[in-house]
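Let me begin by presenting the structure, written as structure tokens, before commenting on it.
Chains: A, B, C and D, in written order; residue numbering restarts at 1 for each.
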Amino acid sequence: KTYDFLEMGSFAGPVAGLFEWFMVFLILSNIVVVALESVPHIWEAHEQTFWYFEVFSVTVFSADYLVRLWSCVEREALVADQNWKSRVKYIFTPMAIVDLAAILPFFLWTLFTADLRFLRVFRLLRLLKLVRYSPGVLSLVRVVYAERRALVAALIIMVGLLFFSASLMHYIEGEAQPNEFGSIPSSLWFSLATLTTIGYGDVVPVTTAGKIVGGLFMIFGLAFYAIPIGIIASGFSNEVHRKEFVVSRSVILATGLFHKLPPTQMHELGVRMRTMESSVGTVLAHRQDEANGLFILISGQATAYFHQRSIPLQPGDFFGEVGFLSDAGRQATVVSRTKCKVLWLESPDLHLFLSMNADIGEQLMESARVRI
Amino acid sequence: KTYDFLEMGSFAGPVAGLFEWFMVFLILSNIVVVALESVPHIWEAHEQTFWYFEVFSVTVFSADYLVRLWSCVEREALVADQNWKSRVKYIFTPMAIVDLAAILPFFLWTLFTADLRFLRVFRLLRLLKLVRYSPGVLSLVRVVYAERRALVAALIIMVGLLFFSASLMHYIEGEAQPNEFGSIPSSLWFSLATLTTIGYGDVVPVTTAGKIVGGLFMIFGLAFYAIPIGIIASGFSNEVHRKEFVVSRSVILATGLFHKLPPTQMHELGVRMRTMESSVGTVLAHRQDEANGLFILISGQATAYFHQRSIPLQPGDFFGEVGFLSDAGRQATVVSRTKCKVLWLESPDLHLFLSMNADIGEQLMESARVRI
Amino acid sequence: KTYDFLEMGSFAGPVAGLFEWFMVFLILSNIVVVALESVPHIWEAHEQTFWYFEVFSVTVFSADYLVRLWSCVEREALVADQNWKSRVKYIFTPMAIVDLAAILPFFLWTLFTADLRFLRVFRLLRLLKLVRYSPGVLSLVRVVYAERRALVAALIIMVGLLFFSASLMHYIEGEAQPNEFGSIPSSLWFSLATLTTIGYGDVVPVTTAGKIVGGLFMIFGLAFYAIPIGIIASGFSNEVHRKEFVVSRSVILATGLFHKLPPTQMHELGVRMRTMESSVGTVLAHRQDEANGLFILISGQATAYFHQRSIPLQPGDFFGEVGFLSDAGRQATVVSRTKCKVLWLESPDLHLFLSMNADIGEQLMESARVRI
Amino acid sequence: KTYDFLEMGSFAGPVAGLFEWFMVFLILSNIVVVALESVPHIWEAHEQTFWYFEVFSVTVFSADYLVRLWSCVEREALVADQNWKSRVKYIFTPMAIVDLAAILPFFLWTLFTADLRFLRVFRLLRLLKLVRYSPGVLSLVRVVYAERRALVAALIIMVGLLFFSASLMHYIEGEAQPNEFGSIPSSLWFSLATLTTIGYGDVVPVTTAGKIVGGLFMIFGLAFYAIPIGIIASGFSNEVHRKEFVVSRSVILATGLFHKLPPTQMHELGVRMRTMESSVGTVLAHRQDEANGLFILISGQATAYFHQRSIPLQPGDFFGEVGFLSDAGRQATVVSRTKCKVLWLESPDLHLFLSMNADIGEQLMESARVRI
């Protein structure tokens, strides 16, 4: 289906994977081209080439946008909506707005004959299209949102320190260097360069008192400016390790197990599921481990070794349900035969979804009965 | 009640929440205004406006201070004290001192007709008033206090390295650059800028020996200057995650469960309780989890799903006590219906408070009996 | 055996350990010499000495390469291959390519009479030979590979921020400083120096708008540039703690227990085994701990204290198998008598290997029966 | 006893604690004075004062050294040695060497009439005396030692990157800036300033190629230079949290429980014991917790709440042994009445020491029998 081709990338087959890489390459090329255009002599020499490249890019992006808009109804099939309503809804999803922002300025330009160079900043917005192809960037947004309280608290401390240091430096150095420290706002530049450890050196205290106060702020202030660094770096690292690839609704639907979930629970499931990619010969689950949830094979092949026999696993198959239901611990060791993508739903989350959807539990029960 | 309005913010209703945001905005405006005043041409153009703004700010802050002072007795109701004693006590609490420091300089000025500009640094103290509205800043104070031993040890190492490097650079570069490295104190400026990685570049070794020694300090010294950064950043991150909003005594009293606790235990309880804020549809507790303490709903609505039925939860209700008392593990899955604020007291701490206050245990017992 | 001498270092005895240190010293000397050669007056004064040193180095490295190539068949003994096939295979292993790259440029030079100075950069490649002697460098490669997804995501964010900030600064400062901010590529230099906190100070915004925008990027951008730092630093620290020395196939073979494993499982084993080095008198395993796998003594001497008696352990002996097989928990406290190197295979991994290789299980069984 | 007074500080009473603070203050004053002396006009104005201060310092330090040397035999009482042998041994302990290095230069000077200013660098060694009073500095030494393998691996990578970047910059920028990049050693200065993010800005690439290569090193190189920072910062933080005050042999002896341990086990015990300081009203152990070892009260007062009654605890008393011996979990909740210092030996370590010293086990048994 067209929608799967665009949305699921390498899940939907090698051609879709190749198309994904082409789009990433085109987006990155756009950024480089915008940068090159700003160099006067390059612009003059290749103005025509830049124009062709821009037309080509906009054509591809527009086609991508329109096909997505047309095919988005495939996704909404399970929500019994009218097609045009689904499409209007789609237009206002964040990714669709980003896609539109990547092409609209160009069309406005042809209407109002503005300068291509004037559009440059808007064309940088195309970088946002990468979000679709890099789960990492989305992770970052989620981290910043999850840590917003800590970050705001850190920001208050940082701004407080900044103004306090700028005021002190203004009183101490103001007379000696009226241009650089003549007012608190102008002192801010020095304080900021110092507290962030950038230290351009264009402004530097010259009086002994200024050096002493500046030195104290260096020693005591730096640690506070590193707080957001620590928060974001560790949060990002945790978030990225939880999700090794994006779990879109399509991926969950593809497993067959959860296709009767209402949309709101589907979303919740997508957030709770962990994802893992593994190379050939990796042990996906140990027989002796505690049973810690349900695993679903998304792509690749694996083998489950039970005590007496082994069962081959195909994409869409799940494992771990025997140990989960029987409380007897993990019953099989599962080893990947090829590169695999696996979804993992931990026991407490699985319990929750089962308690709300009895039919999924029965389906798992059935599968476990067959396997033991 | 007036006290709750001022102290509990959004807990006390939307108007109190709005007032909280207004106070935060007013404090931040004061900081910006103090900075702007220091620019000569802005000061000359708007001297009158600045004056009106200052009078307005002081009026609001003074009213806030007086109302808090007057209403503080409401808080002390359970401690059978005379009102005037409570108020004198209140004056010497840290936050009351900060509030006074934010307004007192203005009144002293009207008495002694000093310059408004002279008061600028004191007016920056108003930034401290933010502590009341941002639990993060308080967290930082607590982290610095908790880690004081590690920080002092790090400081000794840092100061040692600093003096050692400054002395060596003074011996090596002293002759080549008598102005910059002519004495140990003057070498300190270079050493500090180097070890903190600020590197202004206003002073730089010129001899080969100076560059080699400086280079060795860069490689080996930097790691030691990052120690306090790591300590504070990780401590702050842990602290902030433990408390997502402030637990004041009023919040604990509002739960009804603990209102007979003596004040000292009340304080201990406030320190031990963890707080969580959650959005709509979050699972606050899983049925299958180990019972890990008592939860109290502070605001918002939630539903507890037992095996056979579900119970709606209102602010003030607690949950988790069934599993805690019966040792049978968590018995219900609790899902939030609206945005919720929840207090969480972990099992060991709950045991402690129960062993000291038998009546709370009986109250929990009673509730559990009704629910099962 | 020659192969063990070269490959196992201090495992193969003190002379091999000494040879290892000599090679490390020779590689480091080469780097220093290449640096010194580039100083014109040193080069002129000591051209002859440099030449002798280069010939000596190449001789040693060539001999090392040839002996390794000749003796590599010893390692492949268990894989029944023809000798010349093993050697051709060896030539294309990564370390053999590094070894060749360290000497080949010299021989090409004698053929084509190029300048020794021209070869300098290639001679720096000899630094890569250190990888063989420092497990840490290999760890780093593994960390970067394992975290490639997180690092690429971080890179996208960093590059996006970089271009975004460079474009903005170009628009704002472009007119005031046409040389430094006249195009986006030239603005990149300032943006990069700022976001990485290097801050050379050779380019600095001069307009107020430029300082404000630059300041905002300082505060908000820095945290994102620290993400890869956090990822690599924590990953490296974890990786290094897992492996305190390299587990080559030879070391595993030396234990006697696993010499019948097929090569693919041997590799898997090498990756899963943890290694520990301990000083005299360290407690390697506590009697009361949960049984957490099998330990194999590689070098040094230890004593196992059972309830009633004690057993001396020699290199090649394993311990922990009694507790593992009987589910009765660790039965002995093992204390090192000398400096020891120990391999540790955790319980889940051990289960896996036993389930695939019944004979190893029997061997362990036998040993446990004797000991109890 | 004299030895306790000097060695145990505040453990030995308030006067000893005061003396400790005086010594710390005197050491810090020495550092400041050495720095001030190096300023020519201060030196000329106060030469006499500096001389008196130096004589006073040396007198105090010499007295301290001699009294420690004389009283060190008290410590060695349990090791039946001759007094003079103990003293000779003491002279060669690291702290005694530091003490000697702090005073010896002064006496050599009076003999050979060298200049006081010449001794300045040696007088900075007095800073090392702080190690005795700050457990943190010792922790740092231990961390650096424990992480030596990771640090060496990181250093190899850093040096490799440094030389690689310096060589490349030398080839690219060498012609444009022969003074700054004319040889690899001179390029090292720029590379080091860049990779450490110091960025003095005294040397900056001017060619486009140089800026591109420099930029790539900024992005990819920085993360590797942060590795030792991460290792040391996290190691130091862990180490400091494990030990909140120094456990000297004297402290262990004071507990009475372990005074029959042989010296080697005594040392092992000191390393394994964790230490905690707590304020009034802290819960030192919860009744419901798993029994996790033995606690010994070093100073302060506490109360143990059993199910039916409570027992006051004095310095030297231990608690936790009932739960440890009966496997019934912690039996009492212990709350501090005053500021307390507590030693904590975790269960596995306690098992080890008991298995080697049956009499300690009996002593604990006896105490537990009384308490239940």
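Throughout what follows, a contact is a pair of C-beta atoms (placed from the backbone, for glycine too) under 8 Å apart; a residue touches a chain by one contact, two chains touch by 3 or more.
What you see is a predicted model; the values in this text were computed from it and never measured.
> Could you check which of B-C, A-D or A-C has the same interface as B-D, with more than half of the contact pairs identical by residue number?
A-C
> Once you count every C-beta pair in contact for both, which comes out on top, C-D or B-C?
Greater number of contacting C-beta pairs: C-D.
> Averaging over Cα atoms per chain, report the distance between chain B and chain C in Å.
Chain B and chain C have C-alpha centres separated by 43 Å.
> Return the distance between the CA-based centres of chain C and chain D, expressed in whole Å.
Computed value for the inter-centroid distance: 30 Å.
> Among the residues of chain A, pick out those that touch two or more other chains and give their numbers.
188, 193, 197-201, 229-231, 234
> Chain D touches which residues of chain A in the complex?
Residue list for chain A touching chain D: 197-201.
> Residues of chain B touching chain A in their complex?
31, 34-36, 38-40, 120-121, 124, 127, 130, 134-137, 139-140, 155, 158, 188-189, 192-193, 196-202, 225, 228-234, 236-237, 240-241, 244, 281, 283, 286-289, 305, 333
> For the complex, give me every residue of chain C touching chain A.
Touch residues, chain C against chain A: 149-150, 152-154, 156-157, 159-160, 163-164, 166-168, 170-171, 182-186, 188, 193-194, 197-201, 204, 211, 215, 218-219, 222-224, 226-227, 229-231, 234, 264, 268, 347-349, 351-352, 355.
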